[in-house]
Structure formats: C-alpha cells, structure tokens
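In the two complexes below, subunit A is the common chain; its partner is subunit B in one and subunit C in the other.
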Partner chain A sequence: MPEGILCNKQVVDTKEKLNALLADKSGKQYYAEMKALDIDSKALWATLEKTCKSRLRTWLEICAHCGMCADSCFFYLANDKDPKQVPSYKIQSTLGEMVKRKGEVDNDFMHMVMDTAWSKCSCCNRCATYCPFGIDMGVMFGYVRGLCFSQGFVPWELKIGSGMHRIYNAQMDITTEDWVDTCEWMAEEYEEDWPGLEIPVDKENADIIYTVNAREPKHYPEDLAEAAILFHLAGENWTVPSQGWEETSLAMFAGDWGACKIQVESVYAAMDRLKPKRMVVTECGHAYRATVLEGPYWAGLKSGKTPIESFHYVEWVAEALRTGKLKIDPAKRIKEPVTYQDSCNYVRNAGLGDCAREIMSYIAEDFREMRPCKEHNFCCGGGGGLNGIGLYRQARNIGLTVKRDQILATGAKLVVAPCHNCWDAIRDLEEVYKIGIRWSFLKPLLLSMVEVPEHLKPKDE
Partner chain B sequence: MPTVEFGGKSFTVDEDGFIDDYTNWSQEWVQYVKKEEGIDELNDEHQKVVAVLREYYEKNGIAPMVRVLSKVTGFKLKHIYELFPSGPGKGACKMAGLPKPTGCV
Partner chain C sequence: MYELVTGPLAWLAFGIFFIGLLYRLVWYIRGLNWQMDRVTYSKNVAYGIRGALRSIFFWLVPFGTHGWRFYPGFTILVFVFHICLLATPVFLMGHNVLLLERFGFSLPTLTEGMADIMTLAVIVAAIFIILRRIALPEVRIITKPYDFLVLAIAVAPFLTGFLAYHQVGNYDFWIVVHVLCGEIMLVAIPFTKLSHFLLFFLSRAQLGMDFGIKRGGMKNKGMAW
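The block that comes next holds the complex of A and B.
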C-alpha cells in the first residue's frame, strides 16, 4: 500500500515529522505523493459502519433533494448558483457515495471529497437552519473531514496544524517557556503606560482563567497585552495558565479527532488544576466552538459541558459594560457608520448575537446591521480552516464576494470582527477586492474609548 | 504559480504573494515588498529584522515568535509595528523571504 514520506495515513506526532512537512514549501511533495496514495477501503468501511449511523445515516436517507438548502450556502451564491455547490449535492456526492459504495472508492474520488470538504464547505452550519428536516451539512462535512484525515487526504497546512497540537498542545510551535516569557514581556512593555499591569500566570482560585489563540503569542502579542489592560481596568481577578492556555483547534478543522481530544484536555486540566470560577476565551470563534461546544464530547465528559462555566470574550465585554466595570467615554464612541461580523461559531452555533448588539449599543453611534445578520449571517468566507489553505485560495476568494457585498450594502467602512478567522477573511477581502474598509477586534476599539479610573492612570499624567 | 517582476528580476510567488523559494531571495525582493507594504523608507532596522528572521528560519525551518524577534533585535513590539505596519508575521516574514506562516495568521 503506497504511503508517501510526507503524505500518508499516519498522524504527525514527532518534531522530525513536523519539520519535514514544514520544509516542503506549499506542500509540493506532499500533494504529489497524495496522487499515489492508496485507499484502505476496508478500514474506511469499518469506520463508516461503526460511526456513520443514527443521526448521520438518517440525514443522508431523508434528504428530499428539495433544494431549500441551495440559497443558504454562500459558496452556491458566490459561484453563480452552480448546482454542484448545493449543500445536499455536495454531501450526497461525497459521504452518500462512500456509504453506497461501502468504502470502495479510489484516489480520484478521495481527491474530490477532500476538495469538497475543505473548499466548498466552511462548516458554517447555515444550511441546517434552512433545511426543512434540519439536516446539517456542516456537521456532516466535519465528519467527512475525519474520514479524509484517516485516509491521508487532508490539506498540507492542516496536517501541520494538527501535528502542532499533538506536539505543542497549540496550533503553533510555542512551548510553555515561550508562552510564559511572552506574558512577562507584554506586561513589562505595557506597564509604562498602565501602572500596575500584570499578566498573572497560574494563580489559583481566580475569578477568570483567560485562554487564547496561539497566533497571539506567536505573531500578535499585543492582543494579549490589550486583554490584560482591559481586565486590569475592569478590576478583574484573573489569570492565564502556564499550560492549557491554547483554546483553538486546527485539529478540528483537519478532522484529527485524536489531536482534538489531546488539545482540549490540556485546557480542561488547567481548569482542574487552578480552580478558577469561570473561563473566558479571547476573540476567537472556532476556539469557542472547539473547547466549549464540541470539546466536552471529545473529552468524554458526561455532562456535555466544560469543567467550569465558559464564556466567549463578547459575553465578558457585554457584562463589563452592563455592570459598569468598563465605562465608555461618550465623546469617544465610534461616530462613523460601523457594522459587525457575526461569527458562525459563537453566534449561529451558540446564540451570542445579542451580546454583540449590546456591546455595539455602548460603543457605536451609527451601527449598521449586515443583511442577513445574527444567526442568519453568512460565514466570513474563510471559516473552517479555509483561510489557511493555499491550495484553495482561489475558491476562498470567490466565496469572499458574498461578505464583500454584504459589507458594501451597509455603507460602513469599519467592520468589527471579534473572531480571528473573520478578521483575517475581512483583511484578505480588502487586500483582494480593495473596497476601502477597515476592520478591528473589540479590544483596540474599547481601549480607545474606555474611561481610565484615576488611580490607574500613569503618575505623570 | 504567479510571478512578479521587480528591479530587473523575476520572482515566483505563492497564492499569498510570499516568495516561493527562500533561496531566490535578494535585495530586489526586499525593495519590492517595501513598495507593496507601503513602507516609506527602508533603514538599517528593517534590514536587521530581515536578517534576524532569515537567520532563525535557516536554523529552525519556521518563523520565530515575536518575542524572539524582539529579544534578538532589541526592538520593542511597538517599534516592530512601526517598521512593519502589517505585522511581523506578515510584512516582515514576506520581506525576509520566509514562507507564509501556517495556521491561523
């Protein structure tokens, strides 16, 4: 059974394997090897028999091919209503066929499945809200990704990402020492402007344990500093764990369920170890989905819930503004038209749309809703890992046109995007289509307008 | 793969505009990225960041975290952003001829 050196059915669990993949720029060798990869049909069918049952099998069988899901899918709309982009077609022609053929599929078929699962579905789950039977093709494609991963058919960047989780308990190469060092560094650099600023590491029994996305310590550490300043101004008793600080899961995007479990258990272990009252996660959508919504099941927690109550950052911000822990200077509110990108992962999938509106009512004078919005909003266009997959850049850029047109219709030039994936997609949208917009997380906006209590101001002020 | 021409040289780039082959990097590429990133004037500090990124990449096969970049160059985070407004993970890596960092960037 031909297995490539880089592209194969094995998981990436050593630095040697990881480094070999990283050295293969853009996955040239990886994808070349994928063309020769054999399918283990026996194993594929065994997995289908064992796991594709009850809900998934029923969904496959009851689909009436009514086409109600078609217009719900931004890929369908962005691709001139191509029938091959209808969600029910996409799932029936992939998972449906795999089941019909009892796993007897070939390499070309698996390539088609991989292309469909990662470049024609961002697992945004919007179709489920329009299907008369509630069939959720996003959930099904999440499952299909797992099947693809087990056969070695997974985009190069996501194979790397899931390997990072197995090796570093983070989607990027950050050790505990690196993380703690970055926390100390950020507190030190910003302490000049914010006297008494701290990033407390491993403090037990704090009110809040704060978890982040590895991109923050790796590439955007100011995000961590901004979170610290806002907690500082709000007077929160908070901490970050030295281990278990990473809440994202590229493993979830990759369909590497083993790595998903490893990753999420590292976060839950931090909760158990430090015994905080609640967890707050940074402005990331899929981190919330992975650790709060799906993680308890990966970890086998019978409650279906995280070990402690867990909140998305927008919930904390809304609460801080409501209770007056953070006060906005009315003169500094956003005056220009501004819109809000509802993240699929914490709005459609967790119902936090009202928190977002509450926040906007405090910080913006001319808030413009996208249409549709809240749980009906379209994916940013880069969700489900799509932003990070070079192979599918063209498909992603076509998909971005739906979001582009939604933003343009609001007349706003500023987009608030409290989700890293949405933020990146909107940044790239501007880079590709140049429509003259800006985009921002909440933290820098809040810092530009929050009232600083007298006792927290620098002494020379 | 698309190509870009600049300063009499031709560079193959990936789908995100990062140079496709680290070994094809040259000062002409640096000048090209300077223009693309809207950097007014290239100074020794930009070159220092580029040199540190390349040295780290040659040794480790991956871009460093910003903390490492700050430690080795002695530049504060705010200053790194002054040098590279699109950020160390994007503009600086691009100028240094590193691949686009993988993951959520």
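The block that comes next holds the complex of A and C.
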C-alpha cells in the first residue's frame, strides 16, 4: 500500500480529513498504515538536493566525532549515558545516512528517523552551544522533521495539529466566534471584581496587541482574564485580534512548513489590520519562537522581523515592574525558596534570560537558580512537541528525570515556568515522580502580589 | 628526489591547498540562504558581525566557553595539539631557512629544543586523542576509520620530520617522506574533515550570526558561549 487513508504524504487541509484522523483513537490505524507507507525516494532526494545546502552539508561533513555534544544532551544523561543518544550519532545515523544513500531509504529506516527526530531530540539546541564547530543538531532535527513530514512519517498528534493550523489558524478547533465569545465571557466574569475591566477585540491603533496559545481560551480561559487584569492594572491600551490571535505552531513541531507560513501570516495580517504599536505574546516559549523568531522567514519578510516589534510576556512584565506600571506589595513577595525554569525557546534561543532574573528580583525573596541555568539550562523534557505525543510518552518520562534532579537540587518547592510546554512537563514530572513541588505561570503569581491602585478597586470594598 | 618533492610537487600541493580552500569558501558562502537558514545575513549586519566574532573568539580561547570548561582534560589536549600543529611548521628553523633561500624572507624561529617539544606534544596529544576515541563509549560510537586516517594525515609530517631531524635511520629517506607527508596534508585539507582549517571559522561565524541576529543577539549582550 503506497498511501494510507489516514497516514499519507498529503497535508490535512479539510475538516473531513481532520475528523477522520481525530476519530482514529490514539492513531491506531494511522500508525498501522504507516508501517506499509512507501517512500518516495526521488522526491526525498530532490528535496535534499534543493534544501540541504552548504550550512547543513558542512555540519554533516566536518563533525570531528569528538563527542563533546554528548553531555550537553538531556536525553543522553537521562538514559544512563547511552551512546546511541549522543547528538552527533543521532544526526549522522539519520540525516547523514539519508544524504549518503541519496534518499534511497526504506520504511524501517524512516520509522527509525521519526523515532529519533521526535523522541530523542526536543530541538532544544543545547548541543549547538557545546559543539566547537557550532553544529546545531537541534536545527538539523527540525529540518529532518520536515523531511519526515513530507514523506508522511510524523506522529499522529502532530499531523492533527498541523491540520488544525491549516483549517482553524490555531492548534485547536477554535473558531473566531469561540475566541471572541471567550474574551467577552472572561471580561464579564471578572468585571465585578475589577471595575472597568475589558478585553478589547479588534481595537485599532492600540499600544499592545496581545496574542495567546490556543490552550488558554480552550482549557484555561482564566489565563486570558489574568492577562486582561494585569494589563488593566498597568493601564495599558491593549487589544486582541479577532483573527490572528494564535501564536503557537504545532506545525513547526510537525515540520509542516506550509502550515507554519499560513499560521504566522494570520498573525501578521492582524498586525497590519489593527496597526498596534507592538505585540506581546503570552507565556509560551515555542509560540514566541515560531511567530516572532522563525515566522518572518517562513513568511518571506526580508527584515527577519515581525511587521511590528514583538515581545515575550516576560519582557512586558519586566518592563512593567521596572517602570512601576505594576507595583509589587513587598509583604506579598514569595517568601519560600523558588526556582525558575528557563525555556529553551525564549531564553537559549532568544536571549531573554535577564528579563526572567529581573522579574524574580521583584517577586521573590529566596530565588534559587537551577544549575545549569539561563542559556545553558536543560530542556524541561517536554519541548519540541514531545509532551503531546502519546507514542513517545515513556521516552518523554525518562527525559524528565534531568529536570526533576535539577529542581530537587535547588531545594525549592515552587517552580516558576512561564512557558506552556515547560509548565506541562513539570506538572507531568510531579505526577510521575511525586517530588512534592508546585509550578506556576507568572500571571497568577503577579496577581496575588500586585498593588491595586485605589481607583481600580471595586467600589464596595 | 628531494628537488622534486620540494620543487614542483610543493608548488602543486600549495596550489591545490589554496585553490581548494578558495573553492570551499566560495561554495560555503554561495550555499547560504537567508530564508532557508532563517538568518538575515545581509540585514542587521552589525549584529551579525558581532555575533560571528563573539562566536569565533570565545571558542578560540582555552576554557573560554562552557563546552571547553566542561571537558578540561580534552580541552588541554585540543589546544596543545592545534597550537603546536599550526605554530611548529610555520616557525621551524629548517622551514625558515628554506623560505629565506627560495623567497628571500623568513619568520622568527623557534629554538631547536622548543621545536622538539612542540613536535612531541603533537604526537603525544594525538596518541591521547586516539586512546580517548577508543576508551569512551560516547566517542567510540561515532568514531569511523576515516577519523583515524585524518589524524594520521595530520600527525605524519611531525613524526617523519622528527625522525629526519634526529637522523633516526636514513636522513635522505625520511626528509623526502616528511615533505611528501606535509604535501599530502596540504592537499587533504580542502577535501577532508581537515577542511575545518577554514570551515571552523565559517561554521562558527554562521551560528554566531544566527544567535547574533535572530536568536537573542538583538535583545541581549550576546550569547554566553
């Protein structure tokens, strides 16, 4: 069977295709079909010839096989230093082989490549910072994921996710109506406690356009309310777009570059339409990476920048605290030991580590760094889409042990994790390993300690 | 024979070395693509240059990066090996005598004792690099016969030069072999992993630009390598 009904080389761009995939519980049929999927070697080789150019070829060629990337990889450490988890080995045995064989690979090989690209690499890019030649195996595995996707070898959840982006411009089936309703509902829900609270939709020329992770309106709408309250307290002139509000990109995790482009262009269109001064992205790492850092390239913006300047939530919070827009009640600062999970996507790969420290200096009295930290922190264990892939749950759980031990070593019981993937991974590691920790986004913490200006307090208080 | 290897063959070897490297340079730069690599090489240039220089500089300083500090023993091996490998042939008295004879100029030279020590350092470091390759499972799994061959090509001129200089056996024989080994190394540089002679700088610069332009360099003090 060259192509399966569910598992094939086609993109998911209709609701029918999407629903068929969703109906296949845990992707049982999908993965069964994958076992019989043919490889289009010609197309694979053509893609390699066209896109595997000097940067990638040089990386593959000059790797000195020195092994200095080994200890940089949390999967290597978590798996008892299994040599098969050495990043260099992982990329040479997958992409290296594909190039060597000029795309002439079989189904078993592609299964191995898929397993490696998604369950042995979270594209955290830490190895890139430990290679003397600057070989970035995270970037290479991102590229390999694209090759896998084009051949139909992609985990079921991510095939669905990339389809969602193509159909809904969001990683979940949230329509414009659902989104706008959620905004209105949250504003109404919290208006009593916070007089004058608004979630302005499609307001033109605002100072800030705020964009989110679809999980927030879908599963944690109070996150949206918290963001609104904090903007309200800070006196920001802000808005959310009715369309183009989704920052995340499961398409990036899937290697579906076409969907990546569609997704970020929906956000950039909102910027063009509403002409805000700047964008603030919610507490999500890969969302920022996708829409702010990589997105301009997918969309072909030659400046390499988003149409308007874009900021991660931690940048906005640090600024709000620095300028006094938000004031912390000293009595309510976090007294207990607390640590901070540096997200790979906005710290190592976007340089925002100092914002995080600045925030912690305002809100915590006993802040404890993980070791290593900042740009050199380890991935939470759930990045790169791994949290969401059922097939690789066991591999993910093993990987979590590195983060578990890092957290334990700080002695802190509270972990600030302003990134959805990190937040999930830390929640899951507590569920699996029960080390007695709590974890939080910044918004609820800030709300619990921020000083409310007199004129914004409810009248009956 | 000596005239042949130090005459036409030397010209040929240096010719291939320079033209080969020039080809690699042009090939590398022409193969870069701002959209595919997702780095605006020709925009935000100041950030790019800063990122590239930082990326090269810190990795050229012993213990200058987290990576070098994590593996102190190997770092010493790597730096001793490379510094001695590059400096010894350039500043060797014998080579500079040739340079003066043929081209009328010479560089400052190493004392004979120092040259001996540095030559032995290359050989001893290479032995430890080989042992490390065999002993450590994480290095063994990625090691191929090719890695040993490349190391042999790099070390052979030092071993043969040492034997010739100290007249172990037949000087005339060893000196010819030594020159040939040097020429093999020169020719091998553009075509093997030894191309990192040039590509180290290009690859580091590229990643430095990536971090300097896109991955944080425009918002922070620069990547803490």
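To be clear about the criterion, the second predicted complex is superposed on the first by the 460 of 461 C-alpha atoms of A that agree within 3 Å, B and C clash if a C-alpha of one lies under 4 Å from a C-alpha of the other, contacts with A are read in each partner's own complex, and residues count from 1 in each chain.
As a working rule, contacts are C-beta pairs under 8 Å (C-beta built on N, C-alpha and C of every residue); 3 or more make two chains touch, one makes a residue touch a chain.
All of these numbers come straight from a predicted model, not from anything done at the bench.
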item	value
Combined model on subunit A: subunit C and subunit B, fit or clash	fit
Which superposed partner A:Thr248 touches (first subunit B, second subunit C, both, neither)	first
Which superposed partner A:Pro217 touches (first subunit B, second subunit C, both, neither)	first
Touched partner set for A:Asp71, first subunit B, second subunit C, both or neither	second
First, second, both or neither for A:Gln92, with subunit B first and subunit C second	second
Partner chain in contact with A:Gly134 - subunit B first, subunit C second, else both or neither	second
Which of subunit B and subunit C A:Asp354 touches, first, second, both or neither	second
Touched partner set for A:Glu283, first subunit B, second subunit C, both or neither	neither
Contact breadth on subunit A, by residue count: subunit C or subunit B	C
First (subunit B), second (subunit C), both or neither touched by A:Asp342	neither
Subunit C versus subunit B - closest C-alpha approach in the superposed model, Å	23
Set of subunit A residues, in rising order, touched by both subunit B and subunit C	none
Residues of subunit A that touch subunit B when the two form their complex	19, 22-23, 25-26, 157, 160-161, 164, 171-174, 178, 181-182, 185-186, 189, 213-215, 217-222, 225, 248, 250, 387-388, 390, 393-394, 420-421, 424
Subunit A to subunit C touching residues, read off their complex	51, 53-55, 57-59, 61-68, 70-72, 76, 81, 83-84, 86, 88-89, 92, 128-136, 293-294, 297, 300, 302-304, 315, 348-354, 372, 374-376
List of subunit B residues in touch with subunit A within their complex	14-16, 20-22, 61-62, 65-67, 70, 76-78, 81, 87-90, 99-105
Residues on subunit C engaged by subunit A in the complex (per definition of touch)	27-40, 43-44, 55, 59, 65-68, 70-71, 74, 78, 133, 136-144, 147, 193, 195-196, 199-200, 202-204, 206-208, 210-211, 213-217, 219-220, 223-225
